[in-house]
Every structure is written in structure tokens, then in C-alpha cells.
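Below you will find the structure I want to go over with you.
Here the chain labels run A, B, C and D in written order, and each chain numbers its own residues starting at 1.
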């Protein structure tokens, strides 16, 4: 109960300014990187808004950088700009780099089974403008959540799992067709094959309902109950061939007591799961996550 | 990505066991209360599941108790049971008391304006079975959220505010008609009159988007931004005549940095608001909140 | 910078009221327990201050209760009171029970190696009156912390580990001599033998510098660093024969980022370790922890 | 209880690398700042380890930057380096800037009254190597904490407050004599005069035992108790002429329930106060805090 306030809340500039680009870089740490990159951007009239950097070890480690900048001032075409950067900066420093434009939000495919909480949270945040993404399709192995998906006007495909390979092949076909840039497993109750990951060839983000590496695999809430832990958690990570062992993007926990049962832990856990998954998706969508080995830098 | 788990998650017994009753008591602290109440319940075959008590001061303070028990064993009718309790226990100890039955969930009216996050979170938790309540109607001063309300099959009444008294009269008529036991202001952007509170005569729960008593009134996120705080919060409280000054039920905060704007604080705050309001509504629905003076005991 | 406030801060009544007793009970859940116990206390003029109960399953589970009450009104001697309780209540219900008196604080032995943070935090909280315990001795396998121990006027025994059995035998002799009721491993870098636990025969509380069951054993900070987790934790548990697998009393975590090294994780972890250990020790000292199987009820 | 681990824990490189310098800058935001600064550092062989920047508004706002770099490569003397930077970079961009050297830790004076928790926490963290500072003196208006101060070998001056001006004059004389770079009020129960602040002329950091701006002034725990809040907090801020209204550096809160009294809130609050104050002191000592208007940027 408060006096009226502006009702269509302006969004986080980071999410929506359509006139910005984000440059992410990684390379062997060496003197002069920041100078070279910032000089290049300055010379091309690209005004830096945010800049983050990290080095695993200033002497002989790996260097990571994320720079967000305005495009207005850009004197040249994006193509020219990118070619010039590759030639003048990236090659000399041996950088792997990526440039993305806020005006071209990433396309996210969602895979889900029967639990609604992570799916609905992502759809609502998207609708609210919290996530600068597009959601071209939702894939499920059940019909359960069709209505929810359609409420938000998102194409929903239920492919019941019979011969796994066929199912996965169909899922991948649909995701490629939809131009998905990455996929999110919003409590998807099937283990993806290595083939799936190879053939999709894009990042896949999962939410696991425990504080990894504790309670890998099925029924973590039951396992947490058996162990008598006083906190339960959730972990969002990139999917790799090894179950629940990929690079961690975000984690959080919540306190629990002896009063809880595996069922109430499941209920309590939902709130952490949707928060942690949303945080990971937002970071990925904004190019804040850089992977190295089995770890992440999250700017 | 986990092996399949039971998909219709059993709910918190506390929410759904339809065969339990909850007794809440407050009276002057004095010896023998617990003995008398537990003896009475035992004699009537009511097996205690949960029991909480608190005393503001064991010598001369106020005593509060909440007992949840099974009804199976009850040898007599509820009416007989209640009359007997009044006579044998409540009167001698000068108790004010209340008995509610899980099989008769409370009816909650929701008042909302244009923000969707608190409304949708409540509807969604209700649908999930997290809240043992009924939601007979949603009142708004705007049409904005009609479709969301109807998605969940809840009657939605938009009453545009012209002459306040008339609006409030109509709102109260509808709430009484629907048998509302309490009302929730899920980011409702009108200040309720004292008349409204008197005529409704039931508890009204509000969510305020700050850590009260800091930033009372309008635009707390702007005020938080101006003050440069490093945490923003949300407070759920019972509404009283004085703005944002009623008994606090639940509060929480989240860390923020110098990078935030009033707009991003608004976005970040949404997650805390919906969590805190849901916690308060759940506690109220389960008769866990006892008010004394301007404070609450939350069991 | 505030106006003066009372400088010898009154302490938590729970810690210091010397005229209270705490009764803890566990037995098979069955009707009438609360009634019988509270009736007994009332009949003997023992006025209940706090009461907590829990049942693992109201039908056929185990029932736990903790009741704190004043002794003033006690019409009889403690001995008579205890004998009467055993006969009238405990035996009929097949209870295991314990009665402790605030006026007889528990005696805590501390075992420590070279890290000072957990030791100093406990000594300091004891000095402040936060912990209603006595600390008759500190045992170490190093001389490092002698001065700190002596600053607080606590006998310090450094027993360098040569033939383990002899060391442990000496430690146990000293703890028994000092009448220790329980022992705390405040970052003690030796693994206790099963013999040690058997011969000491009292509870031993450990602090492990990870969120168990993640990162059992040595160097959890290194392991956490390798896995790239975004939270590090601490776990306080009762020591059992199996390493880091005993009943958990308290846990907490703190957020970390990609910027941390194993060394900075160690520094950050110290704050969580001392908080979690202090919470566990306080709960144990106040008879709030009841163990069943490999779990705890913490009232 | 864990296998042995290295006992003299290596410290946070940020605290102890004696071969680094930190440059902090603020100026009107304008294109080319990052390029100019990083180019300058690169040309002088100063290799950047950490870099953070913030702009209150990329178009027409204020720009803040903190860069930490190694000095090995420095081809010239510090004096030459600083003069060159002033001329080549700072003046053209109209920067206010500061350069500090890890090898010259800041000198911190502590003012304290009778509460020991904040004082001891700072002394211990200093001893542990968590804080790269020197503590040349402790000032108090009571004798109470002399022994604690002397335990850590720090000169302790108790100046009982009679004629305030004289006291403050004496305190300032001692702080100047000791070359204090800043002062910390570790629960100092006197309100400093504006004269004091003017004559000391250095930053003064205070810890207030509430979540400011809630509960300004004396007895915040009493006020929190009266209001029935469900969280209590602590706020560390720079002292200004207006009581408890200076720029906030760090804040945190902890949950409390209806069971607490003003006395137990005081006890619980101590843990938050010492954590928050330590965080603020560490940030200030590492030149991570930049003040603008009544706010801070904390890198």
C-alpha cells in the first residue's frame, strides 16, 4: 500500500539498451592488452560503458575481459569494425574473442518435463523485460505444461521419449530450425546423450537441485534428508558429458531444519532453483560468463 | 538434468492434511497453561502434532501458544469440543483463543494495481499447493492484470477509482459477498481509508518494498538510491490506520551495489517482495501469526 | 558513534539465569506425552519458560522434547524431583531423558592445532558471557597458541604427537581429570582414533571447513577451488568413527567468485567456521541438540 | 578434524604483495579515459593486475576507476612516474586521483569505549594478516580495554572526557603525532564535534548498530525491539557533521524472531557489527572506496 508509482517500470539499461555491444576476450596474460583494446575502441569512437577483467595469474595465467560499449559513435560498419579488431588487436595478442549486439538478443530453447516453477519463472522474467532474450520454442517429454507455454505465446513441442536417439534427433532439428543460440534444461528429467551435446553444438545450461558437488544425480532432496544437512541448495551449470559435473555458473542455498521432509525440501528448494537458474540465464544472455577448463569467470 | 523423480510432488503435510486443527491462544502468563491445554486435548483424543509457545515475560507477561493436532481420535463433535474447551480451559485462564480446521482453508481476497509479480507468485504457489487457501476474487483499480487472473480461473473485478468512498464500498461489498477471511495488497497502489479497514473488519496484509521502518511511503527505491544503501528490502505487515506502521510479519533484504539505478533496484526488489509476501501469507494462512500491540509472534 | 549505552550488556537470559533447568526427552511417539510432562512439572511448581517438541512421524515415529523451566517454585529437592519424574513419567513412556541445571554449566575441553580463529572466537564469546560453559583446559599438538590461551587464563597443555596412543591416552587422562563434559575440535589437525572416542565417552564437536557432504577430508578449500564452486561453507558436527560423517549440528556458507585463490578461500572461510562452530557449541551447551541416528534435532 | 594442512595460511595477495600500487581516479565521464590511463601505465611498464570502473551516467556523469598494477617493470622513479601521470593524463582529463603503494600500508587510529568486540576483531584480523594496515594507537574514554590493546602490543591512551574540546584536542594531537591516515570508531560512545573532523582532516569510519537509515542515533536495538523488526543490521559509514548520515561503505543484517529481547539483540548484533566494520576497513585500506556526494563506489 503505497502512493502510486510509475507502473511500467523502466528496465535495467543493461538488458535493453539496443545500441550497445559486448566484447568478450580471453588470451594468455601479457602486458598491454587493456591498453590495446581500449585504444582500439576509442579510436573507433566506441565509448566504453562497463569493463571487467580477470587474470588467473598475472604472470603466465589466462586473461579474461568483458567490455560493454556504445555503438553510436562507431565511424565504420560493424563488419569493418570486426575485421579491423581481428587484425589489429585479436591476432597480435592471440585472443579468442566474441562480439555480440544487444539489438540481437540470444535465442534460448527451453527443455522441460513436468515441474512448472523454473519454466514459468523464466517466461515471466522474459515478459517483464528482465531477460534480453528470445524464446523461440519449448521442448518437453510430456504434455503437462503445454497450456502454460501457450499462455505466453511460445511454441510448445511435446516429444514423448521412445527410442532416445530419435527423440534427440527431432529435438535438435527443431532447435536448429528455430535458430537457438543456447538451451536451458528447466528441470528436464532426461539425461542428454553426448551425441545430443555434440550435434546441438551450443551451450546447454542445467539447474540441479542441490549444492554441487554434494548430492550429484537423482533425488538430491532425499539424499539431503538422509544426511541431515541444515542447508539445501541449487546449482546452475553448463552441461558436459559427465553428469552434474560441468562448469558452475551460479549457486545458492537456503536454511532448513529437522522439521522438513523430502517433500517439503522439494517445495522449499523450488524457490532457490528458479532464482539460481534465472541468475545463470541472465548472466549467459549478457555475455557475462566465460568458461575455462571446468570453471567459469562470471563478470 | 536428473533421473526422473516423482512428478506430482507431495505437499507439505502442514499445508494439506485435511484432518488437523490448529489452536491458537493468548492470555496472561501463569502457571499450568500448557498442562491444562495438553491435558484437555489428550482427554478428548486429540493427538498433538506441533506445539509452539512464547511468553513476553514468564513473570507477568503475555503467553502465546499454537498447537496443531489430529482430529481422528476426537470422541465428540467439533461443536461439543469447542464448547468444552471454552468452559474447561479458556474461561478459567482468561484466554482469547481461536480454532481453525485445515479442511476449511481461509478465503483470501487480493487487491492489486498494475505490477504482476506478487499477484502471479501467489496464484502460482496456490496452484502448486504451497498455500492452503482459497482465492475467491481479485480486485484491481486497473484492467491490466485481468488476463493473468483469468488464466488461473479467478474472478477479477476492476473498479476504477473515482469517488474513493464509492470504490471502497464496492470493494468491501464484493469481499464480504465472497466470504473473504483476509485480504492481501499485492502491490496495490491506493492508500486504504480507516473506514475501509473498519468496514472490512478482517486482517489486511501489505507488502512494502523497503526494509521498514526505513523508507516509509512512496518511492522507497528512489529514496534507497538517494541514500546509497548497500541492501534493499521488503516488509510484509498487517495494515493499520498509520501508513506502513502496522505489525511486521516478515522481512528480507538483498545486497546491491553502486551500479544500480532506481530502475534496477525496482527490478531486483521484485524478487524479495514476492518471497516475503508469500512467506507472510503462508504464515497467516497456517495461523502462525499472533499479533500483540504493534508486534507479531510468528511460530 | 552513538550516545552512551549501558556498557556491561545484560546477557541472554537463556545463557545466565542460574535458576532454570532444562529437560530433554526422546521416546516413541504416543498420545499423552506433553500432557504428562507438563502436568508433572506443574504439580511440582516448575513453571515452564520454553518448550519445543518434534516428532519424526506422529504415527509410529520418535518424539523429542525440550522444556526449560524455573526452579524457584520447586517444592522438593532436585533428587526427589528427578526420582519422581523417572518413576511417574519417564518409565511409563519409556523415555530416555536428561535434566541439566543452568547453575551447573557444562565443562568444555578444546583441542586445537595452530589456527587461532576458532579458539579465540570461543574464548572471547565465553568471556563476553555468550556461552554458559566452563573451559577447564585447552589441549594442543603445538605450542603455537599457548600465549593466547593463557591470556584468557585457561590451562594449556601442548602434547606433541609421537606414539599416538600415548598422546591420546594423556589427552583423555587430562580431560577426565578436568571433568570435561564434552570436547570441541577447534581446527584440530589430527584424526582421532575410535579408541579415543570410546575412552573419552563424551560428545566431541568438530568444525569442518566445507559444506558437508561436499569436500570431505583434507584441503576442502583446494578442492572447492578446483571444482569452481560459487559458495564455500563450514559444517559443525559430532565426531563419529567415520571421518566428517557424524550428525550435523550447524552449517553455513558464504559467496565467493572466480577471483579467489585457495589461500583467499581459506581466509574467507575463517569467518564462517568460527560463526558455525560457535552456534553449534552454544546449542550443545544449552541442551538444544538431540541426536537420533546420524541426524540432529536442533531446538 | 582434518589431515594436517599448511599452518601459516598464505595471505590474500591483495593484502600483502608489497610490490603493487593502486591508482584511483574520478573525473567527468568522457571518451578515452581508459585508453589514456592504460596506455600510460603500459608505456611505463606497469602491468595491470586488477581494474574496475564505474560511471554514474556514461553521458555527462562522473567516472570512477581503480587500477592495481605491479611496479617491477617501472622504468622510472615513483616521483617521475607520478609527475608524468599528473601532466600527461590527470590534467588533460581534469582528474582527481590518488596513488598508493602496498609497501606503505595506511596507519589506522582506533577510538573505542567499553565494548570489546569490534576492537578485538580488528586487532585479530590485523595479526592474521587480513588487513594491510598499521595500528599506531588506540584511544579510549575508558581504561576498560587497555589490557586487550596491550596484549596486541598497541599503545593505548585513555583520555577521560571532561572538557570535550580539551579531550578532542589531545586525541587529535596524538593521532597526528602517530601519523594516522584515517580513524575508526569501533563502538566509540562519544559524538565527535565538527571541529574534531575538521582538525583531524582525515577519513573517519564508524560502525552503527542498525541498518541505516533505520534507527539513527542512540539505542537502535531498543528501537528495533519496539518496532518488532524481523532483521537487525549494522552499517559502516564515513563520519560527517550529521549524525549517522555519512556515506555508507558496508551494511549487513541478520534474522531475528519475536523471542529476542533488546539484550539478546545486542548480543546477536555484535557478530554483524564486527563483520561489517572489518569489511569496510579492509575496503578502505585497499583504496576500494571512492566517495561522491553522500554515496560511495565500492570496487
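Criterion: a contact is a pair of C-beta atoms (placed from the backbone, for glycine too) under 8 Å apart; a residue touches a chain by one contact, two chains touch by 3 or more.
What you see is a predicted model, and the numbers here were worked out from it, not measured in a lab.
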Interface numbering overlap (same over half, different under half) for chain C and chain D: same
Whole-Å gap between the CA centroids of chain A and chain C: 42
Cα-centroid distance, chain A relative to chain B, in whole angstrom: 35
Graph class of chain-chain contacts, one of line, ring, star, complete, other: complete
Residue ranges of chain B in contact with chain A within the complex: 1-5, 7-14, 113-117, 120, 124, 128, 130, 142, 144, 151, 185, 188-192, 206, 208-209, 217-220, 239, 243-244, 261, 263-264, 266-267, 270-271, 275
Partner chain B, residues of chain D touching it in the complex: 54, 211-215, 227-231, 233, 247-253, 257-259, 294-298
Chain C - residues contacting chain B, complex: 31-32, 34-35, 38-39, 41-42, 45, 47-53, 55, 58, 70, 73
